[in-house]
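Okay, so here's the structure we're looking at.
Letters A, B, C, D and E mark the chains as written, and numbering starts fresh at 1 in each.
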Amino acid sequence: MSLHEWMLDGTLGLLVLILAVAVLHVRSLYISIVLFIAFGLLLALIWARLGAPDLALAEAAIGAGLTGTLLLAAYGRVSERRRKAEEPLDWHAGPALLLSLIIAVILMRAVWPLPDLDSALVPAVADQMAQSGVGHPVTAVLLSFRAWDTLLELLVLLLAFMAVRQLLPSLPRQPEAWPLLQAWSRLLAPLSVLIGGYLLWRGSADPGGAFQAGALLAAGAILLRLTGLLPALGWHHFWIRALILGGCMVFLAIGVAGYWLGTGFLGYADGWAGPLILLIEVFATLSIATTLTLLVIGETREVRE
Amino acid sequence: MAWLWLLIPLTPLLLVPILMRWPKLRSVVWLAPLPALPLAFMRPDTLVLPGLWPGAQLGIADGLSAILLLFTAALWLAAGLCAVSGHAKDPHARRFWVFWLLSMTGNLLLILAQDGASFYVGFTLMSLSAFGLVIHNGTTESRRAGRLYLQLAIVGELLLFMGLMLRVHEADGSMLLTAWQETPAGLPTLICLLIGFGLKAGFWPLHVWLPAAHPAAPAAASAVLSGAMIKAGIIGLWRFMPRGSGEEVMSLPASVAPWLLAIGLISAFYGVAVGLLQTRDKTALAYSSVSQMGYLLVLVALLLSQSVSVEALGLLLGFYVVHHGLAKGALFLGAGMAHEYRLSRVHWVLMALPAVALAGFPLTTGAVAKSLLKDQVGNSAFAAWEILFYVGSMATLLLVSRALWLIWRSQPGGPPATMPLPWKLGWGSLCLAAPVLPWLWPDLRVALLDTLSLYGLWGLMWPLLLGAVVIALVVRFNPQWHLERLARYQPGLVLSLRLRRWLQTRPVARDPMLPERPVRMPWAGWRNLERRWNRLGRDVVQVSAWVMALGLLWVLL
Amino acid sequence: MTAALIALLLPLFTALCLLLLRSRSGVLVIVTSLLTLLAAAWSLYDVTVNGPQWLELGDWPPPLAIRFQLQPITALLLVFSAMIHLLVAVYAAGSQHSKTRYTDFWPLSCLLQGSLNALWLSGDLFNWYVTLELLGLAAVALVALSGRKAYGPALNYLLLSLGASLVYLLGVALAYGRYGVLDISLLGAMTEADTTTRIAWWLMTLGLMLKAALWPFHLWLPRAHASAPTAVSALLSALVVKGPLFILWRLWSEGAPTELAVEAGPVLAVAGIAALILGGWSALRTPWLKSLVAYSTVAQLGYALMALGLLMYWQLPALDAALWLFVLAHGLAKASMFLAAGELQASLGSKRVSALRGTTETMPVAMFAFAVAGGSLIGLPPSGGFLAKWLLLEPMFETVNHWPWVVGILLGTLISAGYVFRVVALAFDRADPVPPDFSPDRFAHWLALLPALVVWGLALISEPLIHWLTGVPL
Amino acid sequence: MTQVLFYLILGVCLWALGLYGLLRLKESIRRIISVNIMGSGVFMVMVALAARSEDPDPVMHALVVTGLVVAISATAFALRLSVADVQEDDQ
Amino acid sequence: MIETATTWTNWVPLAIVLSSLLPGLFIFTLREDQVALRTTLNLIGAVLKLVLVGVMLWGVARGMEFRFALPFLPNGLLILKGDALSLQFVTLSAVLWLTTTLYAIGYLEGAPLRSRFFGYFSLCVSATAGLALAGNLVTFVLFYELLTLATFPLVVHRGTVEALRAGRIYLAYTLGGGTLALLGAVLLHTQGGSPAFVPGGYLPAAGEDSQLILTLAFGLLIAGFGVKAALFPLHGWLPTAMVAPAPVSALLHAVAVVKAGAFGIVRVVYDVYGVELMTAMDLAQPLLWLACFTILYGSVRALFQTDLKKRLAFSTVSQVSYVTLGVALLGPIGAVGGLVHLVHQGLMKVTLFYCAGNFAETLHIHKIREMDGVGKRMPLTMAAFTVGALGMIGVPPVAGFISKWYLGLGALEVGADWVLLVLVGSGLLNALYFLPILYRGWFAPPPARWAHDEKLGTGQPGLGETHWMLLWPALITASLALLVGILAGTDLSPLNWAQLTVNLEFDL
């Protein structure tokens, strides 16, 4: 590896490590959350550096953006007393440090021989790409080769949302409509819709896809909701429910249809792979967007019938 | 016809529930042993009862058993007659009659028994129910005597049980007494049987309970106890011991015979010595029984020495048992009567008859028994000891006369009262038996006629004369030796009392009333330890993370 | 295979419909779980008749696609989870005391069953990670149903389950890095015992042990199950805990090289014995009724861990029968015990064990259910537990030097007898019988008794069941 | 010491750091953050593995995306749970 | 599968077990006040069982085969078979169940929780019947454990603190024992499956490698069954379980539980190992010493008890070891003694417990020192007690004598003379602790007025001294004990039946 590459990787790696240690050890909770968001962005850089553009996008949107928002929202609701928590780490620093160091060394020993091996799946994906009906290999894996994982993943998201719905509704403090914020949101919202749509469309050929597009749309929607431009999105509205459940329902329906038609469960008829995947992607994006929005901004008090 | 034998044990046994139901039948109860008399003569063949315990056989096989059955039945009859009048007004009469009938059943059953098991059943039934007779009076003295009697009876039972086991094993499974008499016996068997039956017979070393029990029992009971029951011990020894069938002499029993002879003689003289010291008439009579049992033990010794013909010895045993039984029964009944009524002169004459017979006066059953005994000893291996028997009869005379004197002294004052008829009948018949019996009984008559020879008469008379001289001296000088204190020491009773106290006071069970001693809470310490351990595990996530890290470390190293 | 697929997809589909219609009626769920049970039974029949089957999802070639495997044991587990889910659904609908009435219990439990069926069927390492996550989240959501007092334990459970999943994921990553294949049966052929594989397998094992609350990592289970509603704790103890155990078993019996398995066997077996003894000891000591039953789960899992450990250590496939017969018997017995304990606790109004004084008079049927289920846990003949213990004991007596394991089982039995009869003996105490607050719910008590009787009824079909389990080639 | 190995080691270090955080942190939000760090550690290992062949391994990338979505949903649920747990009962 | 040729004889053993199980289960559902229905059910069950046992007795005498088999474990069937040995025990339990039911109905008149009591009572008896008829080791262990479960609620029936404490101790012992027996059974199962019991023992000759395993299995089984047979170190539960109501301690300690252990040891020694293997591996010697030690230990401990039922309990501890002693002698006569004592001890001990129950129930007598003059107030009960006590001491003609007689002979036959000393010693000790009771009962002066006189019957001595249901069972079993002793030779007596069994065992 040439020197300048070493320089870049070295700095990035060092920076990530320092940030992580800082996140754990800094006294105030707010500062640790901010540092964590920075840590997320740096990670996105590293994914890009390692040649994973999809991941970089997803990490930035979901890892840094949404997680950061969630953390700040949680921080907002935590009472004053707990914010200035006394010493965050308790006394037994020495043994914990020693222990984790030793474990790290052991794992390094395990990881050592891995780089010069290779995976049997890469050539398999390559020669199957033709029938996958999609240009971009990651989307092909996501939506056709291992479609079952993606379906389950959507279910996980849905389940998380249902679980959050069960908890006592947390009342978000009504944010005062800060005029500059309103202006920004009016500007950014259409932009995010545009980019989300573009990402969704390009997903079949280049990096992009349902999850990244969904995250962006969610960001836009959250911005509008926080500035009061969007009405409260209650679970009792049918269209909200349809949107959230649509992703899984469509995916499941197409899978079963595939099995019924004889091309195997979650298998697409040879001609129809492309459009079907696109259909699934659209519904998945919408469902992810709505779910993430509702996850972040929470629910108004919903009448428990 | 063999089932007739069942009548003998069953009549008294069936009378018990009948008596419980209709107490008024008490006056008829003395007839219970009646069926034994005709059956002793008819002698139907032996009854085999497979239904009962294995090998059960009842019946009379030889002459001796017939004699014994007749004598026992007669004695129970006479004593029963006296008991009816004696216990007419007794509040606990029903309990007395129940035990009376049970011991009678046991006694009759063991005579009829032809196999070890039936003998043992009869023997146990008799000895355990006799306990009821001993403590019938309810006084502390009778209760103590009863306890001693029972303790020793139980020990005797168990040793007998062991002896029986060994005997059956040696006779490899057969239960018949006839079979046992042929098979040789090992030393442990002999010892067990001797001690087992000895405790019942009551000769010298094992007599401890006899002087305490007999005086405590009511008159009729002690008559039967002394007369019939202690004979069971000797009968048992006679039937269980192996006897050489003439040609080959069994080594072991022969070696034991001299020891037995010695014990018999010691018992004879010891009985007389201690008897003379007694101040109570019944105790003196009891000691006289101890000495007489010594003589019977001599007989058994002769049997074991196999130096004498078994039939003759059997006959002699029969005579001796009958003689002693009737005489001792009469004396005890007489003593009992003397405590209630003042006896008239005729009664004293009647009383003198059995006493004299005991001493071996000519023309009485005693003479026959004594002389036959001396002849047998003469021509057996122990001829050298014959002289002692003469001294023995002299000693017996002394003891009997002392007993008579004590009875006379214990009479209440006032004019001689008339005795109730049943008492007179029962007691009279027993007293008259001594002189009259030889004439009724052919074998006895033949033996009596032998004793009338000059040499025989002299043999009988010189000890009596010597005895009479000694009595005359004593009456004349009336020496005050104050040896009564010696007599009162009864080792057996002391031991029995100490055992009872040890048994009852030992278990000082914790009385629930006592406050439970405050148990220091041993597990208080543990409880705190446990609380600390629980507090440690409260923060689940951290602890699990630590466990995970440690797991990784340990596993991956 | 279609029947298995139906059994898998039906609960998912019902969950989605329930959410869409926002309906909270239990009837729909009971009907669908009945249908799932029938489908599972049909798949069981199908697999016994014409042997194991495979289904590549999307008809892609093997290394690439996720492959559904239908083995006889998988079919049995499908039937087992359907049965337990049906029972709990009927209880939740029928019982007065069930606190799951005004919550999303129904869709969540359907999702739970769907994820469990996905777990039984799949054979792909990463797919297992996703199903485990789904299972974990559903379980935590269900625990959190019973209100504020359950949030603490639920949070702990969630954090630990996330941590464990990440440990497992690292193991999967290393395994994939080393062999480049994710399917367990393909891996089985390629693995050889080197450091990376050993570390990967142990990472996966530790992660799964924490998710299955096996002995050293069991601390979260008692608090979570005690605070969950009755129906939920029955589901959790009987089913959720068994999922990771199934993956552990597939990993070590199929995936791992033999030297690694033989080396790892004793460690797991010893952990099993420790679970039996220490779990039993905590069950003996805890004052709360539901945590007693939860600790008993930790203890009884010791048997399964021991069976697994010895299975690997002696390379003896016969022990599979013992392992899965135990899972079956424990599931049924624990469901009945938790339902009975829940009913007793709800009627008496107090969480403590000492409140059970005199319940043989006040609530005989519930107490009888508890005792009968306890009998099977102890392994009293002729219950299902006894059969499992018998199969577990038999290979131990091949040679005499296996005696420490026998002593372990002996101690386990005695301690389990200890904590079961601690409750039963108390129930016979008539010092001052605590009258229940309101009339006990007859239907729920008899329902609690049903699985206990089923587990004791196993004796009637014991021989064909054991032949089927042992005779079956894996 | 290729780039892949460097990032593999970095990923392992991050994972260990996350575990270290779990060992020591008491407060629930911080624990959730340390779990996220641990997750990102694993993802780094996977992405590094993907980068071994010249055109990166799409399966790994798909798995990481799935992992990310699972992580975000779990974190959301955990955060809301921790907030509900500590929230004073003002309602 | 179940044997195809299912004639009626195959269903009789199952019918015997069910004859008490079904009424029991139904009684559970009865309300407290349905006394008539419950009593009829109980009595029907008892009589039916007696009839069935009679039919089986008649059948076995004719040489018919009574065998019911159910597949349970791989090569370990559930077999219920009526052979000579099992019939002896099942007859005893059938007869004594009838009398004890009668007694219990009288004893618990007006007491609470009777449905529950009689339910578990019937379960306990069906477990005993199953245990008696068990055809192989697996079935035996199964019913052995069920017996523990059925008897525990009976021990804790009163629900007081002491009852629970006794119950817990009882469970600790019996469950431990059950587990040990189970381990032993599994150990043997691995050696060659669990075939049916065969009179000569079904284990193969001991090769040198299987020597250790067979000894270990023997140790486990004897320890397992020793708990219920109250062998020395494992007898702790028996005295503490005396806190149970009288019918329970009567049925448990005279018939069901204690005999189950002894019967187990008999089965293991004769039908699993067989005499040749036992002598070859010299396993009987330690068992013999343990039995003798228990006999003496039990009697000595009984000596120092002041509570009547505790003394009877310790006497049971020593008496049951006679059976073990008889079996450990390995001689035919000793075996007859052991087996017949199994029945005799049952009859005598049940009588003693009935009488103790009567005293407790009528005059509230629990301590021995309170028994002064009881004979006056309750002569018939005291008479029954006397018969039982004399039988225990071994006084002829009561049943105890017969068994001691055969045990003595058996000991001599095998050459173990010192055993005779033990028998005599224990007889002496029995006398030492039973005779004072008899003495107090009959001869001690009664108190002026009895502190508590329940006047259950007419209150007058004789047939009305206490409730007829309490008195008649005691009289029946006492007379049975007497008859069995006297008519020991007849072919219907247990002695003859034991002889028949032993002839099969030793194929004489």
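Here, a residue touches a chain if its C-beta (ideal position, glycine included) is under 8 Å from a C-beta of that chain, and two chains touch if they have at least 3 such contacts.
Please read all numbers here as calculations on a predicted model, not as lab measurements.
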> Suppose you hop from chain B to any chain it touches, then on again the same way; how many hops at least until you reach chain C?
Replying inline: 1
> Among all the other chains, which ones are in touch with both chain D and chain E?
Replying inline: B, C
> Which chain pair shows the largest tally of C-beta contacts?
Replying inline: A-D
> By C-alpha centroid distance to the whole-protein centroid, which chain wins?
Replying inline: E
> Which one of the chains is farthest from chain A, going by Cα centres?
Replying inline: B
> What is the chain whose Cα centroid lies farthest from the Cα centroid of chain D?
Replying inline: B
>> For chain B versus chain D, what separation do you get between their C-alpha means, in angstrom?
In response: 103
>> Can you work out the whole-Å distance between the CA centroids of chain C and chain E?
In response: 43
>> On a C-alpha centroid basis, what's the spacing between chain C and chain D, in Å?
In response: 28
> Just how far, in Å, is the C-alpha centre of chain D from the one of chain A?
Replying inline: 12
> For chain A, which residues are shared contacts with two or more other chains?
Replying inline: 96, 99-100, 103, 106-107, 111, 114, 117-119, 121, 125, 145-146, 149, 153, 156, 159-160, 163, 167-168
> Do you know which chain C residues sit against two or more other chains?
Replying inline: 64, 126, 130, 133, 137, 140-141, 144, 148, 151, 159, 163, 170, 174, 176-177, 182, 199
> Got the chain D residues that touch at least 2 other chains?
Replying inline: 15, 19, 22-24, 26, 31-32, 45, 49, 59-60, 63, 66, 70, 73-74, 77, 81-82, 84
>> Under the stated touch criterion, can you name all the chain pairs that qualify?
In response: A-B, A-C, A-D, B-C, B-D, B-E, C-D, C-E
> Contact residues on chain A for chain B in the complex?
Replying inline: 96, 99-100, 102-103, 106
> Which part of chain C faces chain A closely enough to touch in the complex?
Replying inline: 2, 5, 9, 12-13, 16, 19-20, 22, 55-61, 63-66, 102-104, 107-108, 111, 114-115, 118, 122, 126-127, 130-131, 133-134, 137-138, 140-141, 144-145, 148, 151, 170, 174, 176-178, 180-182, 194-196, 199-200
> Can you list the chain C residues touching chain E in their complex?
Replying inline: 358, 360-361, 364, 375, 378, 380-382, 387, 390, 393-394, 397-398, 400, 406, 410, 413-414, 417, 421, 424-426, 428-431, 459, 462-464, 466-467, 470
> What does chain D use to touch chain B in their complex?
Replying inline: 19, 22-24, 26, 31
> For the complex, which residues does chain E have touching chain B?
Replying inline: 303-307, 390, 393-397, 401-402, 404-405, 408-409, 411-413, 417, 420-421, 424, 427-428, 431-432, 435-436, 439, 443, 485-490, 495
